[in-house]
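The letters A, B, C, D and E name the chains in turn, as written, and every chain counts its residues from 1.
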Amino acid sequence: MMIETLIAVTLVGALVTFVAPNRIAGKLAFLISLVPAGLSLWLFAAFDGSGNALLDGDLAFESQVEWLQFGDYAISWFVGLDGISLPLVVLTTILTTLAIVSSWTPIDERESQFYGLLLFIETNLIGVFVALDFFLWFVFWEAVLIPMYLLIGVWGGPRRKYAAIKFFVYTNVASLVMFGSFVALVFGLGDEVTSFALPEIASAMLAGGPEGFLGLGGTTLASVVFVAMFLGFAVKVPVVPFHTWLPDAHVEAPTPASVLLAGVLLKMGTYALLRFNFTMFPDQVEAYAVPIAAIAVISVIYGAMLALAQTDLKRIVAYSSVSSMGYVILGLIAYTQWGVGGATFQMVSHGLISGLMFMAVGVVYNATHTRMVTDMSGLADRMPVAVGILVAGAFGYMGLPLMSGFFGEFTIFFGSFGSEQLPYSQVFTPLAMFGIVIVAGYLLFALQRTVFGPYHLETDYEVGHAPLHDVAPMFVLLGLIILLGVAPDVIFEMITDAVDPIIANGGEL
Amino acid sequence: MAGTIPAVPLQDTVLLPERIGELTGLDGFGFAGELVAAFIAAFIVGNLMLAMTGVAGPWAKRKITAAFTDRIAVNRLGPAGLLIIVADSVRLLSKELIIPENADRPAYDLAPIVVAGSALLGFAVIPMGSGVQLADPEVGLAYVFAIAGIASIGLVMAGYSSSNKYSMLGGLRAVAQNIAYEIPLVVTGMSVVIFAGSLQMSTIVEAQAQTLVDLGVVSIPTWYALVNPFAFVLFLVANFAEVGRNPFDTPEAPTEIVAGYQTEYSSVYFVLIYLGEFLHIFLGGAIIATIFLGGPAGPGPAEIGIVWFIVKIWGVFLLTQWLRSAVPRVRIDQLIEIGWKGLLVLSFANLVLTAVIVGVLV
Amino acid sequence: MALLELPEWTALAPVLLLVGTAMALFLIDSISPRSTNRALLAGTATAGSLASLGVAAWFIAAGVGATGVESTGAIELFDGQLVVDGLALYFTMIVAIVTALVSVASYDYLQDHTYQAEYYSLVMLAATGMATMATANSLVTIFIAMELSSLPSYALVSILKDNRGSVEAGLKYFLIGALSSAIFVYGISLVYGATGSLQLDAIANVIVGGSDAVAGGIEPGSGHDVAELGGLLGLGILMLVGGFAFKTASVPFHFWAPEAYEGAPAPISAFLSSASKAAGFVIAFRVFTTAFPLEATTEVIGIEWTWAFVILAIVTMTVGNFAAATQDNVKRMLAYSSIGHAGYVLIGLAGVTADGGEVVMSAAMMHLLVYGFMNTGAFLFVALAEHWGVGRTFEDYGGLANRAPVACVALGIFMFSLAGVPPLGGFWSKYFLFTGALQVGTTAMLVVAAALVVNSALSLYYYSRLVKAVWIEEPIVERDALTQPTALYAAIVVAAVMTVVLLPAFGPVADTASEAAAAVLG
Amino acid sequence: MSVAVEYYVLLSMALFSIGLFGILTRRNALMFLMSVELMLNAANINLIAFAFYHGNLTGQVFALFTMALAAAEVAVGLGIILVLYRNFRDVDVTVPTTMRW
Amino acid sequence: MNDWIAIGMLALVGLLIPLGMMSVSYLLRPSVPETSKRATYESGEVPTGGTRIRFNIQYYMVALLFVVFDIETVLLFPWAVVYQDALAAEEYGLLHALGPMLLFVAILLVGLAWAWRTGAVQWARTPRQLESGADRP
């Protein structure tokens, strides 16, 4: 019942916050969000599962309740945690709490609605990571969109309406494609599958795959569904060329929304890729390895190049996310223990680092009211603490050792370079590694322009230290980044434990 | 729903057209013969009724009114002034027809025909005794009510087409009055149907032939006027309103709207409307006689049924003339409210009571 | 079971309660004419519809009309003119729900209006007609019930006598309604001519007999054989489809819908677009499944009648959605969207096959229930906006969320549910329609399913536009704090909560709908 | 002597078509109403003819109901036309265009 | 012999008699056209205005009421015809034969009562009613 409690607390909290007075909404939401954060940490401590949730693993905190029966298929409330989902749940709860704190300064209208929506997003994000029934999962998956749409649309920047609609339409169309193809797959599996529980579907897929549906043969159907689902998730991740919604959404979104968007929402895509495409379709993964790897590498390079061309700090961070997610895809398609495990680790790590970056940019923006690299320089003089953290985050991005980014990227490259599953892996990996150089280039370039040098900023007020409640969340994040960088085994052990069964089905252990 | 409605047994009475067919040998000529026989029969019945109205209109009405006011009235032409009928008809037919400007011509010309023709048509199903009955369809009573309703269309046509405000008001009043009293009339008629169990006129008449009380000297028949006097009175009142006679003659109330819908009619058109009204009174009388007064039944041999029938019709006619002289006219608002609030409720009460009584007793 | 000891006619209790309420309202109005005791009037109407809802739900729970071991089986009344079974009770429930919501909401909407008692009694009479449509089992009762629901609706649409829009809407609704009912009756007369019967089961028997004759090559001897009159029957069926299309606001008789919904008082728009539509569908379901068994009818008339619905479904949903996407007026957008939804539900009939189709039909039934909440709620929000007097277009609705966040959350729920976004009730029913269509598996149904997906995606555009307006856009005029009419708010919130609650509670709904659909198809 | 049922159907179809034609061409609301009545009565002719043909009374009884409902429809329709006239000073159905068609 | 042939013939007679009288009159009557003769009669005054006068709304009200009531009575006729047979039949009791009709009439009467109370059948209002009520047609 722990997972249900977690979800219920956030949901009720969201409702309470929504109707609370604006004045106290921020503090109230913070207090409420402490409960799931603490609970998830407790879950982390008490985790006793092993193996992969979809592949006969031993689930932690599992619960399954009959929901409804439609035609031949049963749908149930089915939740549980394994080594892949638990770190992401913890990431979600902590990041939400920090995001709430970091919105105290910038959000100054319709507060109760804002914090209510934040908590509601948390509810659904947790749901996405714990759900083990396809329908339940899809419900949470889609429910994330609506509050995010409103967060961008109501509290965003000047072009917020365009950004919100674009975000909504892109991701929703992608969901429809994915959803339709998956349902077709389940029908194609024939009479053996009598529910939408993911473990049942996964085992049916691995046992023999679909029989065929709507005139498509079994293998063809599997391929079509694999591609369709990959495309559906690719938009969410996002990979080039489906990334165009991301910079708009990030730039226009208010800082806390960006934190959640980059920190957790993008992980939904890679998490789903791992859960569905890479768990259920080992044959197709093999067949489509080269194009997927190519897309990954292109995302890395192209994302980095785009970032290089930007002058807006937030846009730079946004494009660098595209680049980072390319690494994750590369790690997944390598299909080795190091590759997939590293990719999963990188999801958490990137969640923390990009969250940190967005917060830092937000703090700078709060003080300067501009994000243009060209508008400012020498900020280190005026707000040393905030800028220091910004620099630290940037180094995390670049993969500095002893920070979590290093371990994530290193394991991904290690896994992919040695992959025998992936043809031309020795070509793809160095190409992707070249991306790191570019990242270092644009980050250092931007920092040099803004942070160092003589102070220059045209304002009619004095820029001073950032308030404590703006800086404190960044310290927490920085601490976590360093913790994971120093002791990656805190989560990497449970990740590999959950990843191994996947690799055993098709890759090389 | 299907099949549970019992079929009404067909009567074996011989209808007038058939009898004529037999007498003249026309029944040997197939369909054409039937047509001719029917036409002859219809002609006879039509002219019989016309003759009656001819007598009633110019002569009897004046005589009766005069008697009520202690005068003598027409007495110069013929015995008791009876030839006034001929004189009047010649006079009216040879008058100039003045058609008001702006009149809606087709409607203006049609109205008198509709008024006169529809009243005549109602007599088709009335069993007048002595074998004088044109037709005896199973839906006789419904047919009569339906035909009687057509006249009001004629009245409103006349009122509307004359392009005269009085006429317009008269026509409207006629319609308002007709529709106000139509429902009580029909609902009261329905209480008779409950007794008789049929809409066929001959069956209704037959059903009234049984003996209600045998007093030794005379046996009182089950005329529905005696069985259900309440319904009889209701029907009489509603009927007066239907035919637009006192105290319900508001459509042509001369003190208010000149002559109502017939203000602008002259010459033969006026004659037709006038005739139509009288025919209508007689049709009402005929209906009352048939469904409440035993139709052509009466003492003596069945062959003189038609005499009794005509006597009964004239009885009703006399009643109307008596009311004309004795009762003041009601106002239009009183008229409508009496109809909707009084008679309608009473007629429904009558219907329910009749149904309950029949249900309990039978 | 105690229930079984009640006399059979008590199975009609939900309908009788509705008609009783209407009569009670008439009596109240007769006792004190022109009463503006809104609490009493709205209370009576709400209590009546809730009682009806309660009894219907109780009957379903107790198994009245169901086909289980413990249950009574379909209860036929008056020689099969009426039948109380799962389908009937299910749809009675939908009608009662919508009626209750509308009655509650009207409490505030009718402030300062004349004709309050008439309004409520007309609503109840129309609801009676709709509930009777659900139980009708003969073309006679179907037609009468249809008229009983239509006639008060005409009056209700134009009840704002001094409002030109309302009158115009009433006129157009009436004109097309009269036309379609004439066509419907003519269709009935042709079906009667071909089969000699008006009771649905009897029609089916005749048609099956006729198809046996065709199949066996038997020379039709009596001259009454339906096989000879296939053309007549086919034409009749086509005309019946016309009648249903009117009632359900489907193409080609959909023209009235945008006009009537836009001009009518918003609660009435809600009532018509939800309850009336559901009632139209229940007779379509019943007539086509009971009276025209697919296989036999195809033998006789030479073409499967499902084709008519395949075409109608695709055209209706496409027309509705494309037209909705181009609207500037919120109410009109909702009106067109309701046409689009009629198209979705039509899939339920298009998917009937010779040996089944209950899956897709039950999905259509579920959609109607969810639709009863979400669409009613959406129109009630419009009623709220009219109550505030904020105008009619999307721009006018701009920034309402600043002033009325709760109502706007509810609106968001309705819109996303209508669009079929997953967390909400509307998603389930649309999904079930989709999978149901896929499971039928014919090419035609694949096209229908594809059309469903495309149209859903399109519909998201214009639904989210309204959400965008109230939440994101700036208000075009500064407005003061908005009033919060209790009853309207209550109705909207209840509808919103139900739209969400249906998500976890979909199990019993799905069971009831599947059982009812299986019963009429089996 | 009886007339074959086909002729009744032909008659009713003709009547129906006349009604339909009237609806499509007339702009006067009252004319529209009359045309609808024609169509309904066409159906009644059918019903009664077929009742005779099939030898059961169902059709006839239904025709009664149809008449009743047609009357009720007219009653409501006239009411609407009346308020229409009050608001628009006309009974032409193409005059009211407050809303787009 | 079909009843309706005779009735049709009577209709023919009913048409021929007026037409005959009209033609006789046509032959007999003089024609002296004069403009003022054709003026409509308004008690000797010069006619003013047209005849499309607006008359009392109550005419509409009772007409609408009539349409409904009259047709409902038509529905009662079949019942009245079979009532005695239904009473006599084994399977229907008094309640079954009488009950539906009572219910039907009761509903009609509720309608009538409503029309009565709301003034649909009230031709004119007393001054007191005019004072108290809004203009309810």
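Everything that follows uses one rule, which is that a residue touches a chain if its C-beta (ideal position, glycine included) is under 8 Å from a C-beta of that chain, and two chains touch if they have at least 3 such contacts.
Just so we're clear, the structure is a prediction, and the values are computed from it rather than from any experiment.
Averaging Cα atoms per chain gives one point for each, and the point farthest from that of chain B is the centre of A. Should one ask which of A-C and C-E has more C-beta pairs in contact, the pair is A-C. Central chain (C-alpha centroid nearest the global protein C-alpha centroid): C.
With centres set at the average Cα position, the gap from chain A to chain B is 94 Å. Here the CA centre of chain B is 51 Å from the CA centre of chain C. Taking each chain's centre as the mean of its C-alpha atoms, chain C lies 38 Å from chain E.
Rounded to whole angstrom units, the spacing between the C-alpha centres of chain C and chain D is 25. Shown for chain D are the residues that touch two or more other chains, namely 1, 56, 58, 61, 65, 72, 79. Annotation for chain C: residues touching 2 or more other chains are 140, 197-198. Residues of chain B in contact with at least two other chains: 1-2, 5. The touching residues of chain E, counted against chain B in their complex, run 1-15, 17-19, 21-22, 24-26, 28-32, 37-43, 49-51, 53, 55, 58-59, 62-63, 65-66, 69-70, 73, 76-78, 80-85, 87-88, 94, 97-98, 101-102, 105, 108-109, 112, 115-116, 121-124. For chain C in complex with chain E, the residues that touch the partner chain are 23, 26-27, 29-31, 33-34, 114.
Contact residues of chain D toward chain C in the complex are 5, 9, 12, 16, 19, 23, 29, 32-33, 36, 39-40, 42-44, 46-47, 49-51, 53-54, 56, 58-59, 61-62, 65-66, 69, 72-73, 76-77, 79-81, 83-84, 86-88, 93, 96-99, 101.
Taken in their complex, chain E has these residues touching chain D: 2, 60, 63-64, 67-68, 70-72, 74-75, 78.
By the touch criterion given at the top, residues 4-6, 8, 15-18, 21, 34-35, 38-39, 41-43, 45-46, 50, 93-102, 112-113, 116-118, 120-121, 123-125, 134-137, 142-143, 162-169, 172, 175-176, 179-180, 182-183, 186-187, 190-191, 193-194, 197-199, 258, 263-264, 267-268, 271-272, 332-333, 336-337, 340-341, 344-345, 348, 351-352, 355-356, 358-360, 362 of chain B touch chain E in their complex.
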